[in-house]
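These notes concern the structure reproduced below.
In this document, chain identifiers A, B, C, D, E and F correspond to the written order of the chains, with residue numbering beginning at 1 in each.
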Amino acid sequence: MKLGQQISKEEKKLVRKMFWRSMTMYASVNPVTMGGGGFAYSMMPFINHFYKDKNDRAAALERHSQYFSTTIPFASFIMGTAASMEKENSKKPGFDVESINAIKTSLMGPLAGIGDSLFWGVWRVVCAGLAINLAHAGNILAPIIFLIMFNVPNYLVRYYGGILGYSLGSKYIQKLYANGLIEILTKAASVLGLIMVGAMTISMVKFDTILSFSMDGKEILNVQKILDSIFKGIVPLLISLGCFKLLQKKVGVIKIIFGMVILGIVLSLLRIA
Amino acid sequence: MKLGQQISKEEKKLVRKMFWRSMTMYASVNPVTMGGGGFAYSMMPFINHFYKDKNDRAAALERHSQYFSTTIPFASFIMGTAASMEKENSKKPGFDVESINAIKTSLMGPLAGIGDSLFWGVWRVVCAGLAINLAHAGNILAPIIFLIMFNVPNYLVRYYGGILGYSLGSKYIQKLYANGLIEILTKAASVLGLIMVGAMTISMVKFDTILSFSMDGKEILNVQKILDSIFKGIVPLLISLGCFKLLQKKVGVIKIIFGMVILGIVLSLLRIA
Amino acid sequence: MKLGQQISKEEKKLVRKMFWRSMTMYASVNPVTMGGGGFAYSMMPFINHFYKDKNDRAAALERHSQYFSTTIPFASFIMGTAASMEKENSKKPGFDVESINAIKTSLMGPLAGIGDSLFWGVWRVVCAGLAINLAHAGNILAPIIFLIMFNVPNYLVRYYGGILGYSLGSKYIQKLYANGLIEILTKAASVLGLIMVGAMTISMVKFDTILSFSMDGKEILNVQKILDSIFKGIVPLLISLGCFKLLQKKVGVIKIIFGMVILGIVLSLLRIA
Amino acid sequence: MYDALVVALAVFIGVAGHELLGMAMLSRPIVVAPLAGLLLGDIQTGLIVGASLEAIFMGVVNIGISSTAEPSLAAGLATAFAIKMGGNVDVVIPIVFPLAVLGLQLMNMIFSFVCGPMAAKFFSFAKEDNQKGIINLHFFMWFIHYALYALIPFFAVLFGADVVKSVLDNIPKVIMNGLTVAGNLLPAVGMAMLLQMLWSKKIAVWFFSGAVIMAYFNLPLIAIAVIGAIIAIVMAQRDLQLKKMQTAPQANTITAGTRTIDDEEEDFFK
Amino acid sequence: MYDALVVALAVFIGVAGHELLGMAMLSRPIVVAPLAGLLLGDIQTGLIVGASLEAIFMGVVNIGISSTAEPSLAAGLATAFAIKMGGNVDVVIPIVFPLAVLGLQLMNMIFSFVCGPMAAKFFSFAKEDNQKGIINLHFFMWFIHYALYALIPFFAVLFGADVVKSVLDNIPKVIMNGLTVAGNLLPAVGMAMLLQMLWSKKIAVWFFSGAVIMAYFNLPLIAIAVIGAIIAIVMAQRDLQLKKMQTAPQANTITAGTRTIDDEEEDFFK
Amino acid sequence: MYDALVVALAVFIGVAGHELLGMAMLSRPIVVAPLAGLLLGDIQTGLIVGASLEAIFMGVVNIGISSTAEPSLAAGLATAFAIKMGGNVDVVIPIVFPLAVLGLQLMNMIFSFVCGPMAAKFFSFAKEDNQKGIINLHFFMWFIHYALYALIPFFAVLFGADVVKSVLDNIPKVIMNGLTVAGNLLPAVGMAMLLQMLWSKKIAVWFFSGAVIMAYFNLPLIAIAVIGAIIAIVMAQRDLQLKKMQTAPQANTITAGTRTIDDEEEDFFK
């Protein structure tokens, strides 16, 4: 299947508009909707094209202003998919509107897990490593090469992701969803996502207690060593799972973040970390 | 499900008695029944409570004097399960008595593999590491802290394991057994157990041959190196599997142990190890 | 089941003949049939024994002159299997002749992957390591010990492989094939084979670019480092997959080999490697 | 005054540009510092500061909405101060991490207390199909978010390095350390947000498998991504096979094997 | 005589207490040595000996009925001798390992030739519902097992360090070495006993997977336990799913996926 | 002349014997060099050369039809030259790798342009049931393949080390280096040939899993073989179970568990 071959010229134009708008998705990032505002903004070209009725448009805009968060390079894939579903909806009377946001939310998690680790964890590190060397040698092109090198795959993935999402959407996603195969895909993506998030939890959340007990000047108990021998990275793991539990109990992200700051200061005051 | 909520007060008392008795399970450890004597001793409170008939009691005692071996902290879980089955048996006429020992033997292996590695291989090492430091600093609390630190989880696992076993037993185990789910559980526990035993075989059975051939003072053949390049730990693996084959052929453990001592001396005499 | 117990004395003789002939399988190695000539040569004893008709013999010989390639120690296993199928064919009129070569080709890949890695990658290295030490000490037995040590398992595997193939073939392979179990076996062997080939691709195909950019004498961009941080061994992987794509597009092996030589020289001229 | 303005501009271009241009990484020190250097007339110092800070902040990533530190503020200020001190980069290094940690806290405050309350407007605009409203709000929030943040480097440069240093020095060490500890823990919130999107009891086990691999094998993320992808594919293949078995228990599609009919669905799963 | 008595007591408390109190680890050197030290009036030396021997015998575990060595005997004697030599710990270190190996052999003999024959009595008591009998036998075997063992340190201290040393010296080196080799191999018997309880052809492959992971990755056991648990859970989930498919081939429970009906069974499997 | 003959003979015995005697490894330097040494009257030098070259060419394997280098030619010549220079092995080491790379290219040419065209004859003989023809062709191809190759060492020794060195020196360095690069890449062709026999979209993922394990864990092949075998067995067990479920959906053979009826098939799968 060649990418996008079954999309009309007009539709391609719409996808391209979405591609440019999706760039700004996180411009209005906020604790309530995250990229929701930007998502709605990106969907406007489609919404205006598919729906002639003001009420339909309002409904669609409301749908797409909801909480949304994924990694930018993969965002347009989801937008494309959603757009193709809006198209269906605009044509078929009995369409299950709920399924649009269901797909969006089931895809955004796995893609964020995978995308964040690849773009932040791998590719940015490669590019920065190169740029640091250039800058140290006094080369004024360092920042420019860094930006180009990082953004070419970033933009390409976002561009082709949009086309792929839209064309897959119109061809497959509906069908996959109908006969349950989407579950398999989502599960696979989630498994990969969870593995990556597990790995990142260990590599990105850092904690080392300085707690240790001495006697006659000899250290007799290094708490961090004990913790490490129980399970390396047990504290980052537990703290991440703790935050997750709080989120599930509907504690706001902001509260958790400030709680964490207080925790940090308390740990510091108690000379634990 | 809260632990033990559906057990009557009286039953809880019985479980607690079993908990204390199970502590001594290996007091009469021996090559024939291992902890069988202690198992029977631990089951007495239940046996006396459920069965009023002397013959029933004798039958139950005989059942539980059989060969039994598992790691102490997990022993009471199996006792609890067995107790709940004895209860069933005392009530239902057509109960399949054989299933009691079938469950016991199917659980004792996996739990021994898992428990030995966790309590001997992990937790004891952590506690000892700490106590060594304390003792080196001359702290007379070293042995006490060591014992408390090790035994709190040890006892807690044994305590709640007993309650869990008894309450699960009466509610689930029967059902699980009936519709075949127990097989899945046993298989999963056995898989984990086998992985641990495989790992312990490599880390705990030690063998290094000193056999090597030299010519003109230069070593030309280091047998251990050859063995390592074939498979690291191949000798411990083969010896463990050899012992296992012997056990399956009904060779007594004692004979194998003394055979091993002789083997050691022979290897030493032949300057192989 | 004891190996070969259900084979008649006469048949055993035939297997033994095949064993000796299979030794020379690659004598006439060539880019068109690889070991096909030797395969036919090895099958002659069976062909002459089973078929009395000249046309049948010719047909069988043609079958077995086709492209065939696997690692020598496992070759006779496939020959034995094929022989047992020829026997069936000589007896049953409706036998599906196609299946003979189907089995041959489905087995040769997995066995080559597994065998090459074990005999070339593991066992030869072990034997050579020992022989090098002997030779350094001036021991004239070095080459002889090397040859004996390597070839004893080599020949044993080929010998018993032949018997196993022939006796399994007549009893099982047909049946396995019929009820689809052969697919499971082939899949399992192929999975193992692919894992080994993947590993060998990284360990045996070597490429390191010397490309690097400096500024004011300081190296600012080491291309190999960038490649490694993307994926260790990415170039060997891509080149192997590239060759594979070419083979699938029916580009001849010879062409690819000479193309590779040219590629090497070009890379060298461009100071890339 | 000019200096303060251009440093603020460089920081604004960094943080605001990063989000406006699709996670473009403009906010990384390797970009912000040379830019500030350029505007201040000493790009070489900017490059050196950028290289040093990029290395220092290599581990600082921006996932979910939590992070360890906000490095662009530190990059802008460090460049300005280093240039003032005659290109001496080493003297400013000690203050960059505290600055970045502090910057993150201030950024979080704007995010929570400025952007948060505005967001509800999106829904009301949407309900009226007021597209202009949405667009204006979208970009207004963007501007105010990062413009407010840019005031910090503006005033910091205006008051000068000494004042900044004395402010930092006046924050008790234990608090500063606490902020650093918090900064190191903050990515946990990002992980938790990802978990909330991914978690389900049935597959939770894979989270731990990722953790154990990283903890004990210490592989680069790309290797874990490949391993994870392999696991996911193998699992999906089996799921697919079972799905088929169930819907068409007669068909002979069992072995997930070497050669079976490739229908459309399989095609999709490549 | 007092010394001999209290050292024997310390060893008895160690080995007998360990088994009576539910695998309480009383028999570890870190406990036995300070206890012996306390009773001998020099707890500090006991602590040092305990710390040293605990480290030496860290790898000595007690699984199944086989072990590498029996460390409490060595701990008791080493403490007594070290105190006699004025608190000099270093001089006794060379004899502790031979002692522990020898101790293990003697313990094994008691276990086999004393406890073994008595065990049959359990069955005859059980058949008669003679509960008193079982209880008495249970504790009598416990006492005799470890009391006999405690005679060894008793006589060893009585005769003194020189005699012990000369006994050890008189055992040919090659025999002593052979005992050590045997001690290192003995855990294989424990492994074999565990295997006998666990083995089944169908899952035997996992034994080898544990071995290959330990041999080539050299991970701590806890990491292997986590990996093993992950494998076991994933496998059980698939088994459960297949079980359901088979019993209710109509139902749509295939994907083991993200959201399906949680019934009681699933609940149990957490 | 005698020297040239015997070195050619040693190389012939190596390469031709390796293939005639079932991958017997006669072509390895550890065999060819001592053999050449023996025939030239200085077996000790042959041994030393053999040991050194075997180590140098340890990584050179022969899979599919591609390789890194052909070491027996180099082994034969190096022995001859080392003996001529009074047993000085070190001076010949620098030329052995270029020689082996060159040898491989020449061997490939014979393989392609001599053996290739002859192979078609096999089919025509087979069609006529001309068994003699097949046998003769089989051994004739063997002889010509390696006899032609043996001419190279023959002439090389005849013309002497100086000529060989000057030939090697006259090949531009960049070409020689290019041949080495090509030699290092050539095993890719062997891998591709194996892949062609093994590949199927559905299991392709395992190729990458082998690659990622080797790349990031750097295990010996034997460890990877064990891991691979474990994976293959576990997968086959599940496949078998599903197969059975499908053919007999009533039967209760689900759990692939601990104790089920062992029928013949299971028996086969051990």
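Convention: a residue touches a chain if its C-beta (ideal position, glycine included) is under 8 Å from a C-beta of that chain, and two chains touch if they have at least 3 such contacts.
For reference, the UniProt names are A, B, C = PTS mannose transporter subunit IID; D, E, F = PTS sugar transporter.
None of the values given here were measured: they were computed from a predicted structure.
Listing every chain that touches chain D (PTS sugar transporter) and chain E (PTS sugar transporter) alike gives A, F.
More C-beta pairs in contact connect the chains of C-F than those of the other pair, out of C-D and C-F. If each chain is reduced to the centroid of its CA atoms, chain A and chain D (PTS sugar transporter) end up 11 Å from each other.
Distance between chain centres (mean CA atoms), chain C to chain E (PTS sugar transporter): 49 Å. Counting partner chains per residue, chain C shows two or more touched chains at residues 122, 125, 133, 136, 138-139, 180, 184, 187, 190, 229-232. Residues of chain E (PTS sugar transporter) found to touch two or more other chains are 200, 203, 206, 208-209, 212, 215-217, 219-220, 222-223, 226-227, 233, 238-239, 242-243, 245, 249, 252, 254-258. All chain pairs that count as touching, in label order, are A-B, A-C, A-D, A-E, B-C, B-E, B-F, C-D, C-F, D-E, D-F, E-F. Chain E (PTS sugar transporter) meets chain A in the complex at residues 220, 222-223, 226, 252, 254-258.
Of all residues in chain A, those touching chain D (PTS sugar transporter) in their complex are 22-34, 36-38, 40-41, 44, 48, 54-55, 57-58, 61-62, 64-65, 69, 71-73, 105, 108-110, 112-114, 116-122, 124-125, 127-128, 131-133, 135-136, 138-140, 142-143, 146-147, 150-151, 154-155, 158, 172, 176, 179-181, 184-185, 187-207, 231-233, 236-237, 239-244, 246-248, 253-254, 256-258, 260-269, 273. Within the complex formed with chain D (PTS sugar transporter), the chain C residues making contact are 106, 180, 183-184, 186-187, 190, 229-232. Per the touch definition, chain E (PTS sugar transporter) reaches chain B in the complex via residues 19-26, 28, 30-31, 34-35, 43-44, 47-48, 50-51, 54-55, 58-59, 61-66, 68, 105, 108, 111-112, 115-116, 118-120, 122-123, 125-129, 131, 134-135, 137-139, 141-142, 145, 174-175, 177-200, 203-204, 206-216, 219-222, 224-225, 227-229, 231-233, 235-236, 239-240, 243, 247, 265, 267-269. Chain F (PTS sugar transporter) contributes residues 217, 219-220, 223, 226-227, 230, 233-234, 237-238, 241-242, 245, 249, 252, 254-259, 270 to its touches with chain E (PTS sugar transporter) in the complex.
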